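Got a structure for you, written out below as structure tokens; questions coming shortly.
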């Protein structure tokens, strides 16, 4: 017990020390190089640790996954694009994909719009910290707790019985019948109910990041505009928003990827049944429940391909950003 | 800033690595065990192994988790495994044995004694190619009909056939809202209580042979016998509290609670023996607040068929401590410790410390069943099992017809059994 | 060189509905806060009620007499064997897993923002693209690696894994932030003879504090609440090293009972991340960047 504490203390102090020491060490290494070479070698030394981690823990498994996606479930035989054919031909997979599109669009829109709204509003009030905390708390709750909370919210009891679910009780006040929210498939209501849960959790995420960026905007720019007679809305539209766009791109990209990978909420609340399935859940089932590694890997590769357009968009933005700098 | 701390760097690295590698005890005196039992069940298991620990001086390091499937699925290909583990089912047991991860138990247990002591029908499930790889540490009976004696006491005249049940049930429904209580929600396993219904109906309508052919994939889902079972189930759904909509939205462990409300929501509730530890049953008294009778027959021939289920255990590392523990777990004295606590039945015929009459009867059902079959869905390939669950959910909620569900299930079967 | 500006006065009378004292602003914000808080409050109230009540009636009923509040759920959760050890394990796992990626990402982000080298943008996009790699796809290969290195079941395995999983987002966010810092600051520093190292530690890092604080909050949160990674890399070999999330998951039994304790467990587990959140709030201060550039 005591030795654990001592080790913990050493780790917390030691780790930064080691990393800082690493940078110092790289500078020493660079000293031996001619002046011209230094700026060409230095970036790679700085990127070294990050690239090493990523190569071992993410790139290497991903390469393995791509290879596995071309093999059958036993991993012994090469079957070409069979697993992809299965994916495209499986109505379950396609309906899951359709759901992911819904997630992609509505989760991202919801989280970014609400996060932006809250960040901007909260910046102007004295109770900023409390307001931010209230919006942030859902993210601090683990997925397990969030699903428990919303299972209570969506709970359904037959007509005539006391409604124990918050939503059904609320609409019951207006005389509307109880709705089995997570079971209604028309118009993908149940999928939207799940997206709602995730939006509730992740708005805090967007809010924190956008808020940090907001604080980084030079207040003098805004003051100058105000002094010139601009209204708050004009200040926001003309100065604040354009400066926030890079951050909004980061948040949106992250949310789109999160939407593509959405798993926990679906897994715990409906397990993908009744038309709520998403591809991450499908991949998990294929891999861990059915032992179909080939198919699961094919799904992972499909996910990877799905974000290629977004990555192109991001590259375009960096080029723009740098041209301006 | 860099200069100030750089002397710490090598020291820190060393401390990091040393401190991070916490000693994993491989001193041969510990047995690592993973199971799905947590909370009260975990305590029961630990109580069960305590005498063994005291006698042998070894220690059990147990971890309970519901994600045991994930851990073993990742563990088998990589070799990172506990010494003993609860196996998710006979199907997975066979897979792990085929992969060479599970160790045969023929030299560990006295197989002859084990087989004579254990309910027949269960021992063969633990075998692959004639060798024993898994043993049952706990068992349960499925397809019991629970009722509240204060509404009507079925003790003196228990319905023997399905028709009698429907008639007597309707006649004695009293103020109950509907005849049946039904709840099939269960997180990522939603639908399994409905599969139990189908299994029990099919077993008694068509018999153990058809039942076993069915889960083995030798009979198509579209077979008339299967379809009849499904249609009988749909009758139950129509007669259930809140209908299919409510059934799909209600958690299985709370589904029986309307038995105890006043006025009751329902008169009858079909569930396995372990329901006694869940929901409103947990606070109620056996015999006074609730009682049960076996699933009635459809066909005179198959009247004494029983569906059981159980928790299989297997061994991954054949250390001396692990072997000793395995031997101990299947004995009646070990099993008695758990069953005495209630909520569990033993696979060992000689375990008799049941806390109440109902449990004793249920234990007897396993031990003495003429035809004991194991839970069908647990024996199907996982993909088939998952599809079965999810189509039961769609069927119950009304978004599919019986024919649509059966056709879809057959499609999945064509793929799943071919793997 | 770093200037921490004073909090700036908000807009005056021409502020309109975004103005500081406008009633619309406060109404909107408070309405949002209420909507956000209701579900959590429901859970909080239910965590103080015995199971039969919590499942039988809506949580708002508890706010009227007769009151049946009880601490039994909390007692049950806190009374679990190993909860103390698991809590400490959680701390032991989370803190290094938060600190390491911060530094590693900061170095990489600085290189991506302010150092020129061929293939910079493509490489960066690849790094960010790795965000999409599903965690589950990495579990078996990485576990294999850990097994062959002999560190399966140790804390080091988790520190390394969590660092790697957190890096794509960390690099993405920090690069975005560092990249938007004023070029003039670095240029004038370079003219004054500052090396890359000095620029990094004395300029880039202090100016990026809000982003670093945000990152620290998220990484802490994700690692603290993680279940699957710890379960796969640790449980088979060394159950003593498991974090709090495993204790909490264990509240639900194999047959599905016990969900009434999850509410209490959630609030117990939530305490620390919230403390971290509050603690780091002071770094979200306006004016850290502004003021260092004139005009």
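Should a chain be cited, it is by its letter among A, B and C, assigned in written order, with residues numbered from 1 in that chain.
The rule is short, and it goes like this: a contact is a pair of C-beta atoms (placed from the backbone, for glycine too) under 8 Å apart; a residue touches a chain by one contact, two chains touch by 3 or more.
Fair warning: this is a prediction, and the values are worked out from it, not measured in the lab.
J.: Based on the averaged CA atom positions, which chain is farthest from chain C?
T.: Result for the farthest chain: B.
J.: Of the pairs A-C and A-B, which shows more C-beta pairs in contact?
T.: The greater number of contacts lies at A-C.
J.: Distance from the CA centroid of chain A to that of chain B, rounded to the nearest Å?
T.: Result: the chain centres lie 36 Å from each other.
J.: In whole angstrom, what separates the CA-based centres of chain A and chain C?
T.: Centre-to-centre distance between chain A and chain C: 12 Å.
J.: Scan chain A for residues touching two or more other chains and write them down.
T.: 4, 8, 11, 15-16, 20, 23-24, 287-288
J.: Where in chain B do residues touch at least two different other chains?
T.: Those would be 1-2, 16, 20, 22, 70, 74, 187.
J.: Quick one: which residues in chain C touch 2 or more of the other chains?
T.: Touching at least two other chains: 55-56, 140, 197, 227, 249, 259.
J.: Can you list the chain A residues touching chain B in their complex?
T.: Contacts found on chain A: 3-4, 6-8, 10-11, 13-18, 20-25, 73, 155-159, 161, 180, 182-183, 185, 267-268, 270-274, 285, 287-292.
J.: List the residues on chain C that touch chain B in their complex, please.
T.: Interface residues on chain C, with respect to chain B: 52, 55-56, 80, 139-140, 143-144, 146-147, 151-156, 159, 197, 201, 227-228, 231-232, 235-242, 246, 249-259.
J.: What residues on chain B touch chain C, complex-wise?
T.: Spelled out, the residues of chain B in touch with chain C are 1-2, 16-17, 20-22, 24, 32, 34-42, 61-67, 70-71, 74-75, 77-82, 186-187, 251-254, 257, 274, 277-280, 282-283.
J.: What residues of chain A sit close enough to touch chain C in their complex?
T.: Within the complex, chain A contacts chain C at residues 4, 8, 11-12, 15-16, 19-20, 23-24, 27, 39-40, 42-44, 46-47, 49-51, 53-54, 56-62, 64-65, 114, 117-118, 120-122, 124-125, 129, 131-145, 148-150, 152-153, 162-166, 169, 200, 203, 205, 208-209, 211-220, 223, 226, 229, 231-233, 235-236, 246-247, 250, 253-254, 257, 260-261, 263, 280, 283-284, 287-288, 296-297, 300, 303-304, 306-308, 311, 314-315, 318-319, 321, 325.
J.: Please output the residues of chain B touching chain A within their complex, sorted ascending.
T.: For this pair, the touching residues of chain B are 1-3, 5-6, 8-13, 15-16, 18-20, 22, 69-70, 73-74, 95, 187-191, 241-243, 245-246, 248-249, 265, 381-383, 386, 389-390, 393-394, 397, 399, 416, 419.
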